[in-house]
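In order of appearance the chains are A, B, C and D, and numbering begins at 1 in each one.
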Amino acid sequence: MSGAAAFSKSEMMIVAAARELAGQHVCFVGVGLPNIAVNLAKRTVAPELELVYEAGVFGARPARLPLSIGDPTIVTGATSVVSMYELFSFYLQGGLIDVGFLGAAQIDRFGNINTTVIGDYDAPATRLPGSGGACEIAINARQVFVIMRQSTRSFVERIDFRTSAGNLGGAEDAERIRREQGWLGRGPSLVVTDLGIWHFDEGGEMRLDSLHPGVTLEDVRGATGWEPGLAEAIQETPAPTADELRLIREELDAGGAYTG
Amino acid sequence: MSSSKVASMHDAIATLVRDGDSVAIEGFTHLIGFAAGHEIIRQGRRDLTLARLTPDLIYDQMIAAGVARKLIFSWLGNPGVGGLGAIRRRTETATSAPGGRDGLLPRLELEEYSHFGMVGRYTAGAANLPFYPLRSYFETDLPKANPLIREVASPYGDGVVYAVPPLKPDVTIVHAQRADAAGNTQVWGLLGCQKEAAFAADRVIVVVEELVDEAVVRADPNRTIVPGLIVDAVVVEPFGAHPSYVQGAYDRDNRFYLEWDGITKDENALQRWLREWVYDLDGRAAYVDKLGVERVTSLRPGTAPSGSVDYGRYE
Amino acid sequence: MSSSKVASMHDAIATLVRDGDSVAIEGFTHLIGFAAGHEIIRQGRRDLTLARLTPDLIYDQMIAAGVARKLIFSWLGNPGVGGLGAIRRRTETATSAPGGRDGLLPRLELEEYSHFGMVGRYTAGAANLPFYPLRSYFETDLPKANPLIREVASPYGDGVVYAVPPLKPDVTIVHAQRADAAGNTQVWGLLGCQKEAAFAADRVIVVVEELVDEAVVRADPNRTIVPGLIVDAVVVEPFGAHPSYVQGAYDRDNRFYLEWDGITKDENALQRWLREWVYDLDGRAAYVDKLGVERVTSLRPGTAPSGSVDYGRYE
Amino acid sequence: MSGAAAFSKSEMMIVAAARELAGQHVCFVGVGLPNIAVNLAKRTVAPELELVYEAGVFGARPARLPLSIGDPTIVTGATSVVSMYELFSFYLQGGLIDVGFLGAAQIDRFGNINTTVIGDYDAPATRLPGSGGACEIAINARQVFVIMRQSTRSFVERIDFRTSAGNLGGAEDAERIRREQGWLGRGPSLVVTDLGIWHFDEGGEMRLDSLHPGVTLEDVRGATGWEPGLAEAIQETPAPTADELRLIREELDAGGAYTG
């Protein structure tokens, strides 16, 4: 651990996700954790990042952390505000989104996502929010970033419902289907959790590339519903800087709703 | 309603929303028609099919009150906060759940799409198309869960996309910043899919913060999202979208969204809330009074004028 | 063009419009890109496929100058006045017609739709759909004349509608009232299908009456029809839509539309006009000079302000 | 002839067409003659008429005769200005138009219209403007009014190209097809020419109901490419009133472009 300041797991997760947006151009912002991560990136590594909100906003310049993805602060001072029809048709399906940023309740090793139900669809143990725009973001954004807390309940061998397509049954399968069906998206490229940072290997499977400070491989294995793939040399995620923590605590999530 | 369509909320709902109707109260986080939803609860409508991308708190309240038998939606939750307890209780149960004035409520029927699927459904409804094509749903379980999501082949031999069917609500209710007495309605800020939902509907109720002279509308015709042509009633109900927000008029009352998380988890608390804030009040003016001046005032934003453009006079 | 995309008309056309390209200069009666069309003529582009709902005078001039091999359209004429002679001469002939700087021009290839069909084509192009469905063409000869107009069956078993294929121009050129240096573009008055045509295109040139500060655009984000994200060049060219009009800035110069009826009927007169008003001028500023102050002034409308709305400051 | 003032055939045609709009609510205005007829109606028999222009305008209140269907005078002071996508999708195809008002180069006895070519499509004797919005107006407007000058070149036994569907091969044929294909429109209900006023009989065929002042049946037969159907009692069209003529001459077509 390089930083001296104490930080929470959620803070580390948000900071790690934000940093991955460096160099990206247009990001489709989902509700919840993606919202705070993207807004942190805009204030740190990616000041030129254009924020697209599914509510119909392009080029948002929120003066405060938006309380929801339709907060009035994302409208005032934005570049363009359009109907949802236009946002989904021309921006997303039209291929203008570089990164779609999603949350998930369950994910499998190939990055397929469930946000619909736990249990049987017709008699669910838990009814989750559903797709929202996620299933079309997964198909049409050039790449997909996922941010979520990791446990054996969320990192599962088999998701109960496939809300959003990831690498399907593996990279070969996914690439053939994407080509045949004319998808614009190349699928998931990053999963950031409260334990570490995952990318995808050549087979389309999640691979742990970085452990957050203080997290062990055993912690990860204990929170993953399959035997996780590991990078040859696993890095340690640099701890949040004082500036990143200040932005989260003072500007973006002063109430601690996401990071408390 | 003759050439002026201005009506009280009571009369608009009494005349235009009937038991068994399909009803869309649209507005994506912005301009959510809480006042109209509460009046539907108060008048005791039953067996409604409620359509909305994001059911939000208002549908949780309406479903808790027992007005609905079915929900058509794409994202179910209290955005940025948590879940919607009444809807979950009526969904996760196999048969019926306690609640409402009637005691036991039957299980809520769900018909589920994605956001774009819902937008496509309203668009097809508004445009009298038999289906709307979209690049979504590929390799997901949604078409299995909802057999109305179907494949359609391109007539140009370049593959298959998915289709959703038209949605034509019996009634669409839209909240807006302003309208004239004929129902010509203007909105700025998020537009959601209110236009599509209104054109798709058989009847349209517009609820506005402010009634304006026709000349105000005609001075800026590009801002009109719904023409009076398709509007049946105009209800003037300031603060009618609280606790959601109206761009330029008031902010989202986030305190309420947070409080709802506790209320909705407890059926008894929820029913007490409905009594105190819906059944025991005779309308939105009483609701605003009860909120109090201080709270209302705290939600007023600063000012950010659009500036004026010149349409030119061509005579 | 880095973060500022402002370019001269010469450079924008030289860089972004290439021989053999498909080019859409859209704007339905309003905001027709005459200055851009003239620059394409001046630079001697060849073999273009020109797309536009209503070819209007500008395409008559471009086709007379020999820039195009094909026209994709829905209504061919001088609106409210008469015909387009150059296009007719290159259409009614079996093989080739005199004209252009090259002497003989080959017959113009036509690909014909209805207005809604053209709008549907741009929409499908912008939305990356393989086709756009519409209720048109039933029991007409248009699908026979254009085999790209095809039937598509509803996946809900309720019959057949027609489809048009996506149109994705290599370049779309849009004239607008104002943009900022990043290309965020605002229009009021008729919107036509510029938004769809721009999103459908690979490259986009925006020509504006006025370059404004980013803050002007951001003060009224609902007026933005094209975001800088998809714009390659911003050309500041006041009066660049003459003899068509710009809402609030100038009127249609109907005298010219009437005069064109005589010019276009006579190939020699047309070529003389092109020499005098296009080839012999080095750009729009010289064209406006040549028109003269009196004529320009006579086209200025009176004032009709939209009024300002409040977006609210949420901090 | 009841009126004392002299008037042209075109003036009579426009006046007769305008009067037929009494009682109509929403009219889709075409370029040329329909434009002037509808604007005259708005100033006389149908002040409440809502004018819809395909350029994207609803509730136009033009301060002068629009020079084209996209004239800026139809925008300033209108109720709503929308994209052409919305106009054609929601207003026209959505079924909100009571009357679509079309011109024609050729029409047959069943009201089928040609505005595309004279002669062969691939090697036309005359290339006409084409459909514009006409073919979709013919299908989606609740009813269609046609205004055109009549001659054996325009009133023909067989049109060279069917741009816009009328009553097809007759009413029975047309009603079956409209029902099967789900058309909203009931097809053409009125044709006003410089010679008289035609409606459609039960078989879907044009029937002459009124002769303009000074026009004889022989004139009509000489300008119709088939043996025309006639009403049992043919009326005489009331001559233009002084007020109608004044509006045309002083306000709507002062230059005489349409009525000269």
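The definition used in the following text is that contacts are C-beta pairs under 8 Å (C-beta built on N, C-alpha and C of every residue); 3 or more make two chains touch, one makes a residue touch a chain.
Note that the structure is predicted; figures quoted are calculated from it, not measured.
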| item | value |
| --- | --- |
| Pair joined by more contacting C-beta pairs (A-C or A-B) | A-B |
| Interchain centroid distance [CA atoms averaged], chain B/chain C, Å | 38 |
| Approximate Å spacing (C-alpha centroids) for the pair chain A, chain D | 58 |
| Intercentroid distance (Cα basis), chain B paired with chain A, Å | 28 |
| Set of chain C residues in contact with two or more other chains | 123, 128-130, 134-135, 158-159, 188-189, 191, 195-196, 219, 222, 247-248, 251, 301, 304, 311-315 |
| Chain A residues counted as touching two or more neighbouring chains | 57, 71-72, 75-77, 81-82, 89, 93, 140, 182, 184 |
| Which chain pairs touch, all of them | A-B, A-C, B-C, B-D, C-D |
| Footprint of chain B on chain A - complex, ascending | 31-32, 35, 54-57, 67-72, 75-77, 81-85, 88-89, 92-93, 116, 121, 123-136, 139-140, 161-165, 168, 177, 180-184, 257 |
| Contact footprint of chain A on chain C as seen in their complex | 123, 126-130, 184, 195-196, 199, 217-219, 221-222, 224, 227-230, 311-315 |
| Chain B-facing residues of chain C, complex | 128-131, 133-135, 150-156, 158-159, 161, 163, 165, 177, 188-189, 191, 216, 219-220, 222-223, 247-249, 251, 301-315 |
| Chain A residues touching chain C - in the complex, by the definition given at the top | 26, 50, 57-59, 61, 63-64, 71-73, 75-82, 86, 89-90, 93-96, 140, 182, 184 |
| Chain D-touching residues of chain C, taken from the complex the two chains share | 28-30, 53-54, 73-77, 79-81, 87-88, 91-92, 94, 112-116, 119, 123, 134-142, 145, 158-160, 188-193, 195-196, 245, 247-248, 251-252, 254, 257, 301, 304 |
